[in-house]
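Across the two complexes that follow, chain A remains constant while its partner is chain B and subsequently chain C.
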Partner chain A sequence: MSQTRENVETEQSTGGHGGLSASLKAAGRWFRRAGVSGQLLTLLIVAAIFAVGTKGRFLSLVNLQVILSLAAIPAIIAVGLHQVVVLGGIDLSVEGVVALCVVFVGLLLRNKVNTNDVGFWIVPIVIGIGGIAGFVSGLFNTRLKIPSFIATLGMSWILWGLAVYISRGQTVALLDTRFEVIVTGNVFGIPILAIIALAIVVVLQFVQNGTRFGRYLYAIGGDETLARQAGVKVERIKMIVFTLAGLFYGLSAFFLSTRLGGSQAITGNNLLFPAVTAVAVGGVALTGGIGGAKNAALGALIVTALNDGLILMHVNPYAQDAVNGAVLVAAVALTIDRRKLGFIK
Partner chain B sequence: MRKGLITLTCLGVLLLVITAGAFAAPTTLAISIRTLSSPYQVMYKNGAEAYAKIVGLPLDVLTTEANSEKGLTDIKAEIARTGANVAFYVDPNDASDAVSIAKTMEAAGVYWVSWWSKPADVKVWDYPHWICHVTFDGFPAAVFTATELLKTFKTPGHGKIIALQGRLGDTPNAERWQGLQKVLADNPGVQLLEWESAEWDRTKAYNDTRAMLVANPGVDGVWTANDDMALGAIQALKEAGLAGKVKVVGCDGEPEMFDAIKAGFAAATVLNDGNYQAELGLAMSLAAKQGKLDVASLPHKYRQFEIPAVNVNAANADQVKHDYIDNIPTYDLSNFFARWSRALE
Partner chain C sequence: MSSEAVITLRAINKSYPGVVALDGVDFSIHEKEIVGLVGENGAGKSTLMKILIGLVQPDRGNITLRGRPVTLKDPADAMHYGIGMVFQDGTLVPNLTIRENLFLCHEIAFQKLGFLLSRAMRDTARELLARVKVEVDAETPIAEVTPAVRQMVEIARLLWLSKLYKQENPILILDEPTTVLTEGERETLFSILQSIKREASIILISHRLQEIVENSDRIVILKDGRNVTEMSKANARIEDIEQQMVGHTFSADRYREDEQRDPGPTEVLLVEQLVRKRAFEPISFSVREGEIVSFVGLVGSGKEEVCRCLNGLEKADAGTVVLGGKRLSPGSPGDAVASGEGHIPIDRRSEGLALGMTVAENVNLLVLNRLKTGGLISPAQEKSNALRWIEECRIKTPSAGTLCANLSGGNQQKTVIAKWLSSRVKLLILDHPTRGVDVGAKDDIYKLIRRLAQDGIGMVIMCDTLEEDIGLCNRMLVMKDGRLVGEVPCPPRKKPSPQDIIGLIV
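Up next is the complex of A and B:
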């Protein structure tokens, strides 16, 4: 409905007397409605500062390719995580799921420690493992009534333990190079990994905007009791969201392992905090009910661009954490939509 | 009254059974290490298992999983379970943990040896049951790897490098960094363009290296403080089309690094012999417990000391891998100080 109104407005403005200023106004309205104006502004500011600070090197093609390539995996993880946040929960199982899936990638693709080689089946297998892990987290949350914080944290530890047990702490070097092109290749200068991430974001955003599932998701995030009274099958939606999150973590594990040319359980380490940061910077309210896939992806892009820019500007690593923290607070201040927040906890 | 008497009697019997069991049982060997998810830490476990088999005693492996509180709690539980009939080898999670561990061991009268981390101002000889603190000397290790890296430049000793440190503040990282600084001071033709802290993490090393390669074109070599980061840097170089042309050095002697050296991607690493670490630590603790080692009579230089690691480059990679990675050597533990290299201040 809103999309139709927007089209009519745009047509009127371009066909009538408004000309350029009317088009700009229409674009402004679209950005406001899209809920990513703050994120794009942040990205613009970050890019402008680093472009000046690096004498243009930040905006060079090779660096933009590096940023897009590095942002793709965190974006996929953040996109998986953000739906749980939109529901009003949190998913801390990222590192455990990725650890277990990475170990399976190493042991099932052609490697140095066994004779396995499942080839392209590895993709559905690890996505399936991730999905099952997410499903179990969902069961903990909906059936056992364990808060998502504890359910997913426990799940993460269980899977981490399994990953370490199965791998025996060893690193498995991959001999399979068939998938390398996905993580290293470009199409028209754009990293393939970034295109895959973008496709995921577009599809999920469409689902969130245009389907009953999407409406229910935001209804639960806005007020779970009201949603339940309105007949929304809250448990079912939660199960789907946790399972979807696991699927995305599994896919990320496949890309991570392929990119690093090997698998070890600790590959899953240090993924959770950047993902949560990306979700927050992207404007997804940690109180639930606000934000979409595009927000999470833009958040991941901002965080990656920030880290890349600090290195390109030769900012002292001792100071980087402080700079990172200050910029992230500023970014959240810019991106959060206060009109939609009833209160700040 | 009657109930209380019965309860007290039961508790007394239980206590007697436990105590009698502990006295009857053979001494338990125990190691407390950080994790079983890293190949290097797994070497500890393998060495400890080999030693336990030699002396025919049971072995318990405790892991802190980067949680200092868990580490201390597990140690206390192990002491209680064995009735203090245990010989310990401990790799404290943090340097500051060493003091609380020392007090716990002292209170229980358990002999123990520590590795890697302890506060510099804490002296082992202030604790009668703390036999010694041993560590691998990171300084000469880094001097060796940096020197090997410089040899790979088009004009040996003249070129530009980038570097990856581990977690800033970690003692081994500081020692290795000082080793690199020494080589840079001795070779004014070599310029350190930029360094980052990748916190011992392969994925972060990959990300940082990709950004640093954009920021610093024309790099001749990459120095890293450990092999995991070296392997991440190699993947980044591969994507930039520089692997093999720009060499990497690491430290720790992970199995994958030997392959990287053989493939021409890496120039050197240093093997910290975890098998020997565990065997020496347990042998000393057991000897002290059995009264075969008089701890009080040991001179201070034998209470806090360093031992050398094994230098690895293309010339000896195959041999070292065969001797230390593919097999566990048989160590002569009749002289605990056979590998003593220098006292720790």
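Up next is the complex of A and C:
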């Protein structure tokens, strides 16, 4: 199979005009085509630079554990978000969904404000709330027929408002410590949270490769009209994808509030940007149809490692933000398929 | 052929607003035969095929499958009866592999416990591809294979689906299958079709009459939505078919030849050594004032690319384009328009018109600068300019404020022409100006084109049919495989015949 692919590739690359745009195209093609090898290479380069820059501290066991444990939650969020991107849309609702879910965690587990205690049931409840939120975003998108970015941006603010309203803007301290081990514990030196994230990625990747759902997801991302013609039930797949995204956000909310030992609506803030960056850096094309769960998760790992390294090197936090912004733009420039865009808007 | 008819369509009628597409057409397909379906653009071929695959419902008429009446409510339904079509532009999803596309939406045949059996799929894919002689690996994404392979994959998919639905004699419809193929690929396609014929029926639509005559067992000719005639392979001659396709309505002055004028002395457009790699080799030509120059050639001859380089939509690798004495900067549509070059695109809906804007707004789009009073656009001037051009171009619209989306195709096209006319262009590139336009509006457009020429506007034109090219132009440039291979003058009443030109084209 590599025979034919290489033939086509060389043919195409000789056909382009010289200069920046051609090399950008070639790099982008390689980045997309190569599955995750581009991402693994990026990760290696990032690690090598920081290993030198921090005189080895970056590669210490403790720091690697920190990176894995910090990357887990962004990875779960990115994995939820990336399937919407594969469809050719975008999901901006994560901050609102997490805010609402976090507030529910605070109010339903043993806490300092009321007498509720649902115990372990909190996990299905909070995942369920996230799932419902995703389902409603899906309805906005498929029934009201509004673009996913508006459907989910609106949803985010609706849920954020609800979260603040329900919690009256207060922070609720948790008294329940049973779940703390999940976010702090290690098994064989590997953070439990990272193992959970890995399990999710592996399962979802199998589903994407080996089921009809996965096939239809990529068919829609490739060309929605053609997929519909072939008989794909496009709306149903979209509903599943938005709902799954919500489920993952709900789960992340549970981990976030457990790690904080309390809950407040603003826990959701600043989750969107890293997730979108992770999805793009992981090689999921914003034009849809390309990239899987493993890409989203690797993207989250790269972004986390990058920020961890910058902190170790004492880079000014504002400069870090600027670096992250540049990384997002660069990643999208490499992965986006411009032939699919009629106009750049 | 003598065998049993698989499917019969009888007295099929279908009208669209303003056009009767099919008027009492009969059509039947027998077992194991290849039927050639021919007719000019607009003869009703594609509507008939759309009815056959359930994409369009007939207004009247009935369809029987082996004697039993059926309704084909959608393409999936038609596929259950073993009827499927390979479309010109393809229906395969580009980012999925050949294998994934082969089984798309019918993976259930390979499913176990919710997961797909990839080995079984791979084996079946290999078998299917071998049958249509495709040697490319089934794991290659569709975006990376040639149009020929895509076509074969579509055929393989249709054959497999018919088998899945237990249809013993599937019906494959191929719409212009050879336009995207090379000579060698064309031969392969037909040898495969002959082998598929042993277990299927094939409907072949093509403008290349040669291949229709060579490969069909029976030829059905449609004209203006009616059956003209049917002939068997034995007594089919290309000249007869052409005659039947065009019919007797070929009026002496269909293209308003009498109004054709000799071009003026000045050269409006001067192209020298223009070249674009992998599209066309260095080409030089000029267009004089009021001259209509027609580019003819097959798909892939490079004529489309030359025109796209002229109006800046594509960037030429080398060479110069001089318009009215000014050298155009390559790859800049803005510069082309500013220098007085107009473009009437083939797809007016997406490129030529802002459909959501009114007729007046579209007409005035390029001349807003001239319609100002005291620095602001004056509504009164806007209105008077729009009304003037609506009148001159005979745009049939309820008012200047009507949205272009609500006009017929012909009137939309007239609006596009009006827009360029009012902007005082020097050169106009017309890309299939009468495509999808009914007969009456066609004549209006020919009239407009003649008027443009009288006003001294040079034109580069590419038409739907060779006859139209010959009829309209002063001079014809023939392209083949990226090279300019001939130049044929077409003065009024001394026009060459299509047969003279066709030899140069193919």
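Methods note: the second predicted complex is superposed on the first by the 286 of 345 C-alpha atoms of A that agree within 3 Å, B and C clash if a C-alpha of one lies under 4 Å from a C-alpha of the other, contacts with A are read in each partner's own complex, and residues count from 1 in each chain.
In this text, a contact is a pair of C-beta atoms (placed from the backbone, for glycine too) under 8 Å apart; a residue touches a chain by one contact, two chains touch by 3 or more.
None of these values were measured; they are calculated from a predicted model.
Q: Between chain B (first) and chain C (second), which, if any, makes contact with A:219: first, second, both or neither?
A: In the superposed model, A:219 contacts chain C only, not chain B.
Q: Touching A:148, do we find chain B (first), chain C (second), both, or neither?
A: A:148 contacts neither chain B nor chain C.
Q: Would you mind checking which one, chain B or chain C, touches more residues on chain A?
A: B
Q: Let me test your reading of the model: by the given contact rule, A:231 touches which partner, first (chain B), second (chain C), both or neither?
A: In the superposition, A:231 touches chain C alone.
Q: Answer with first, second, both or neither: which of chain B and chain C does A:295 touch in the superposed model?
A: neither
Q: According to the stated criteria, A:259 is in contact with first (chain B), second (chain C), both, or neither; which is it?
A: The first partner, chain B, only.
Q: Looking at the overlay, does A:269 come into contact with chain B only (first), chain C only (second), both, or neither?
A: Only chain B is touched by A:269; chain C is not.
Q: Have a look at where A:167 lands relative to chain B and chain C in the superposition and call it first, second, both or neither.
A: In the superposition, A:167 contacts chain B only.
Q: Overlap the chain B and chain C contact sets on chain A and report the shared residues.
A: In chain A, no position sits in both the chain B and chain C interfaces.
Q: Across the complex, what residues on chain B touch chain A?
A: Against chain A, the touching part of chain B is residues 35-39, 41-42, 45, 165, 168, 194-197, 199, 201-204, 206-208, 210-212, 214-215, 228, 231-232, 235, 238-239, 254-256, 259.
Q: In the complex of these two chains, what residues of chain C are touching chain A?
A: Against chain A, chain C makes touches at 75-76, 91-96, 100, 104-108, 111, 114-116, 118, 136-137, 139-140, 144-145, 277-278, 315.
Q: Under the stated contact criterion, what part of chain A meets chain B in this complex?
A: 54, 57, 60, 62-63, 66, 69-70, 163-164, 167-171, 173, 184, 256, 259-262, 264-267, 269-271, 307-308, 311-312, 314, 317-318
Q: Flag every residue of chain A that touches chain C in the complex, lowest number first.
A: Interface residues on the chain A side: 1, 3-5, 8, 15, 17, 206, 210-212, 215-216, 218-219, 221-223, 226-227, 229-232, 289-290.
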